[in-house]
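What follows is chain A paired twice: with chain B in the first complex and chain C in the second.
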Partner chain A sequence: MKETPLSNCERRFLLRAIEEKKRLDGRQTYDYRNIRISFGTDYGCCIVELGKTRVLGQVSCELVSPKLNRATEGILFFNLELSQMAAPAFEPGRQSDLLVKLNRLLERCLRNSKCIDTESLCVVAGEKVWQIRVDLHLLNHDGNIIDAASIAAIVALCHFRRPDVSVQGDEVTLYTPEERDPVPLSIHHMPICVSFAFFQQGTYLLVDPNEREERVMDGLLVIAMNKHREICTIQSSGGIMLLKDQVLRCSKIAGVKVAEITELILKALENDQKVRKEGGKFGFAESIANQRITAFKMEKAPIDTSDVEEKAEEIIAEAEPPSEVVSTPVLWTPGTAQIGEGVENSWGDLEDSEKEDDEGGGDEAIILDSIKMDTGVEVSDIGSQEMVFHHVGQAGLELLTSDAPIILSDSEEEEMIILEPDKNPKKIRTQTTSAKQEKAPSKKPVKRRKKKRAAN
Partner chain B sequence: MEEEMHTDAKIRAEIGTGCSPRGPGCSLRHFACEQNLLSRPDGSASFLQGDTSVLAGVYGPAEVKVSKEIFNKATLEVILRPKIGLPGVAEKSRERLIRNTCEAVVLGTLHPRTSITVVLQVVSDAGSLLACCLNAACMALVDAGVPMRALFCGVTCALDSDGTLVLDPTSKQEKVSTWLWKGRGLEAKGPESPQWDWLQEARAVLTFALDSVERKLLMSSTKGLYSDSELQQCLAAAQAASQHVFRFYRESLQR
Partner chain C sequence: MAEPVSVAAEYLAGSRARAARTVLGQVVLPGEELLLPEQEDAEGPGGAGERPLSLNAGARSRVRVVCGPGLRRCGDRLLVTKCGRLRHKEPGSGSGGGVYWVDSQQKRYVPVKGDHVIGIVTAKSGDIFKVDVGGSEPASLSYLSFEGATKRNRPNVQVGDLIYGQFVVANKDMEPEMVCIDSCGRANGMGVIGQDGLLFKVTLGLIRKLLAPDCEIIQEVGKLYPLEIVFGMNGRIWVKAKTIQQTLILANILEACEHMTSDQRKQIFSRLAES
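Here is the complex of A and B:
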């Protein structure tokens, strides 16, 4: 679906409001929207809501061989997907620019900053390392995807537990989660992206733009920072020209924001860990609010299935027995069998249709019913509904009507068909003089393959 | 909240206990549904069955590409995204099943030359995934206000090797049974030898989609071995279960 265009009056309204330091949702210039983090029952699964923008993150791991030039390091793989439910404009194939930009930014933020210790992911140097895969899905697009995605990624990575592995000499033992508690990843620091939107050629800036503000912005500055005030990645897009002190001011704001967000993340992780340890309920079911009018929960409901057997027997007793259409396979020769009967040819009077035998060679022959027309055989005369698949020796398949005499012959020459596109129809088989019918062309490829196999 | 937590913890421990076809004892897991939770799609719903959770978003009736438009009814499209990895053939086949179910129910002729898109995202998979997807899709279509001739629901049953029926199985109960060789060496000892471990789970897993008007069958997808009487039994059990699911729908929509 195409994106609904932004009307001029809406654009003007937004820009005028920004000039007067007002935002549509009542936030201040440097305010973030509410961040809500909820965890699922599996480790490494979380949903982050930044206002209405929602991102689902899941981390999974697998043992693979390491890259050749990095034999002692684990592999990190990030994948952000813009789901089609996030915005009507996100169709597969339509979002490539934005998708590439977001994925690249996420990779730079998390991989190049070395926030995960990849050396600790090595199990057997040069042979087996852990591949950690982070899948992020954007569920609802209300602006500032990159911030929400980076928070979701780092939260999921912190929440994730990988299976424990022990190496004793040559023996490597992988413990299941039931045998030994899974182990968290070793994370050095938590880089979080903060976005700044610029308007009117850099005069006004807003932190955490929502979707409308993103539509009217001139440019975007993304700074990825951790709570130690180290900049991990910085990216300016949109072609705005910023002054040095503007960038410095933004980085200061980012420092403050990242500190707040990191605190929030740590608190959420701690809460979840506490609930799990105490044996309480955890998972997405818990994060659905009880009192909301749009949410409803029902406890475990027992179902009475005591009369299930009687009902079933009733139904089977009343049902008609299955009709005797089950066809048994008939073996004509070794290598050829027939199951079922075909239907009448529905192609009608077709002339000059030819088929090329692209499996090479005169070994195999294909018969086309249309071609038979020219030899004076009328398909319409064939009233019979029956068809027989007939494999003549090694050479090819042929269709005959049931009342046609079946001649078995191993001769290959007789079944050769000369493929010359200009010439009118191919030679008909000399073996049978009766009319032939053929099944719909969809059967052809199957036949050809069967031939090949039988021939081999 | 505290006492709720306690009773729920108890219930959670008994999740998915099986039952014999005679005795009453099958149960559906804890259900939860939230609607209208996403701001962009026309309708959205998050459906939870125990630990399985699916999020559905519906766009429609909306503009359709000329290549896909049908002159007298709406083009229904279903997209299912797994949580990990790229969507594969299994997702495509599930999309087909869900689409066929939706097409039977949605009144497409009221909106010709439009498209209705249902996007499903697997949030967590702990058994009965197809049934949960169907339920989420139905609630999302209702939330979007798409005209339908009936509601539909999905119910999964698993058949044990001794014929015991389990409704709404967890992923552990759903695994089709297999022998697991945990010994060393290549001796092909039979199942009696202690080195074989019987990973006992289901012999067959059947998923049905039933409509709300007469609880007729809209779609069925099965895996495994079962007899025709077992099929009818599972269907009857699913119909009994669907009553509860529809009651849940009604109560959640009435709020």
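Here is the complex of A and C:
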């Protein structure tokens, strides 16, 4: 089946939500989903659930002849399969890219890091060694396959027991599990992959992306680390450019997460060990006992529901007023008013003055230094009206006035009264100190009252 | 959900058709045959199969019964094809014997004529748009099926937009076709859905529950915040509220309504209303 396409509105919503640091299921930026590890009745069989993503891992072993150039080492074999039940888009012929990438990453993480002691898998040098095979099956795809798969692989390897072997001279005895207890593998450390998804060209980052977030991400960084803070593998895909400090920050986060996950794994292994020793029931059937087959159960999503209404008011209050709306009627003379800016003055610079910037329509924040309006009327002493000047920093100035109609007249002696105060204290323009007022770099498209001809 | 399924199994073992009337509200399994009320007398309680001879054998009063989803006509009985609870609705005004259907739960949608669905435009080719509705094939939507659309005046639809429309052709032999106008040529709420908001997927049963008349959930949600919401019968819901947080809360509530009892739901709503 073809994958359901991602609609524009979903993409836009997800990106906007990420900009506001909100995720669909209410997690924080660095939060993992709930990890559940359950073991089967056989040694070496486990299911790892990372949120809704489920991976089944199974380890098996066999006695084979070793490779010719590594006669004293055992053989490790990893295989991840994307089952068709994981997602409708996974079809037998269609998964090759993703499959190869995941398999390769898993191999690098587990084989090249030498987490398993292959020398201990040798039985008779040059003739018989153990071949350990790890098979991983993806049962459900809800994002971040690689993390779940790496956890499943290492848990299965830690849980696995191989049959005991003894060598006496030329005689090799392989004991069945009934004769002698099977022996665990010799594992040096537990490398675990942590995924970071990047959005908007590396500006925003999320740990443990789920399926929706994976669809809109720009790039993915996977760091495989163990609890001793040793990096086993790093892979960056998607072609985004990451800065050095971003990668360092991710590795720090990965260190914290790996420590937590390793603790969880050790606890799960210990529990299972205890249950088996005490003779209690173990296996998959026991671990999902309290869920019905129809599974009418959903985890609580930790969405922040506090202050929702006030937040809306705050947002509306702080929002920038629409720049095109001018609500200030400018009264020229009794009987003549102007609403709106009109077209720009095309007569050229009337005076050799600096540009002025507007703070959006309606709000007449004026630089005090050279205050010239298109009409050429100067703002003179505004005495009787209330005006508040805020000196911000060295040079940023802002004008807050109270409500009063703007009455302009050709007479330059009359007082200028300004309507529509600048409600927004956030619109603080910091300007470089200079004798002349330079144009402040403004991020919004502002309507300039006067165009500097020289700059054109 | 602790239905006495064993009772059904016992009947199946005896392979005796039950009267539909007696099974209302109980779980039925595929393969069961149900008798309509008029046929019960003919069968008799013992199922012996002997029909009393009657002189006017063909003149039984025929009542028109509508066979809804999950049921199929098999001879003069009803054959159950989906597992779920059997439901019946009395006829509104006199004629007919009402509607029988099976309330089943599934997430995969099969296009049905007349259903209003939310689709995602996947391709524009010539005169038609290909719209993914969650079925086995993408539906086709002609650009003339929008209100006020003419050959010169094409609707502004891009790939990736959301469309709310209804099916005019939907059967298992042809690809489904949908339109965004009703029979009078008016849009009636259909067309391109606006730019913001969140689209998410739920089960088909939840959609039918939410669209039922006097649904409590919708009334309570409406009291929380102002919102816009569109339900598609293919399991897709589009929701939009003033802020992103509110939209996320609404989406999570609706998804969770599937799994909550009404008490839990009332608790959640009262907690939200306070904050």
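Before moving on, here are some points about what is shown:
Simple rule for what comes next: the second predicted complex is superposed on the first by the 290 of 456 C-alpha atoms of A that agree within 3 Å, B and C clash if a C-alpha of one lies under 4 Å from a C-alpha of the other, contacts with A are read in each partner's own complex, and residues count from 1 in each chain.
As a convention for this text, a contact is a pair of C-beta atoms (placed from the backbone, for glycine too) under 8 Å apart; a residue touches a chain by one contact, two chains touch by 3 or more.
Remember, it's a predicted structure, so these values are computed and weren't measured experimentally.
After overlaying the two complexes on the shared chain, residue contacts for A:D97 are found with neither chain B nor chain C. Once the two structures are overlaid, the count of chain A residues touched is higher for B than for its counterpart among chain B and chain C.
Contacts of A:R16 after superposition: chain C is touched, whereas chain B is not reached. When the two complexes are overlaid on their common chain A, residue A:D170 makes contact with neither chain B nor chain C. Touch criterion met: A:N140 reaches chain B, while chain C stays clear of it.
Judged by the touch definition given at the top, the superposed model places A:G26 against chain C, while chain B stays out of reach. By the touch criterion defined above, A:D245 lies against neither chain B nor chain C after alignment on the C-alpha atoms of chain A. Looking at the shared chain after the overlay, A:S7 reaches chain C, while chain B stays out of its contact range.
Residue overlap on chain A between the chain B contacts of one complex and the chain C contacts of the other covers 1-2, 292, 294, 296-298, 301, 303-309, 311-312, 315.
Across the interface of their complex, chain A is touched by residues 1, 120, 122, 132, 134, 136, 158, 160-162, 193-199, 225, 238, 242-249, 251-252, 255-256, 258-259, 271-272, 275 of chain C. Of all the residues in chain A, the ones that touch chain C in their complex are 1-2, 4-13, 16-17, 20, 22, 24-26, 292, 294, 296-298, 301, 303-309, 311-312, 315. By the touch criterion stated above, chain B contacts chain A in their complex at residues 5, 8-9, 11-12, 14-15, 19, 21-41, 44, 46, 48, 51, 53, 55-57, 59, 62-63, 79, 81, 83-85, 115, 117, 119, 121, 123-124, 126, 165, 167, 228-230, 232-233, 235-237, 240-241, 244, 248, 251-252, 255. Considering their complex, residues 1-2, 40-42, 45, 47, 52, 54, 56, 58, 60, 81, 83-88, 133, 135, 137, 139-142, 279-281, 283-285, 288, 292-309, 311-313, 315-316 of chain A touch chain B.
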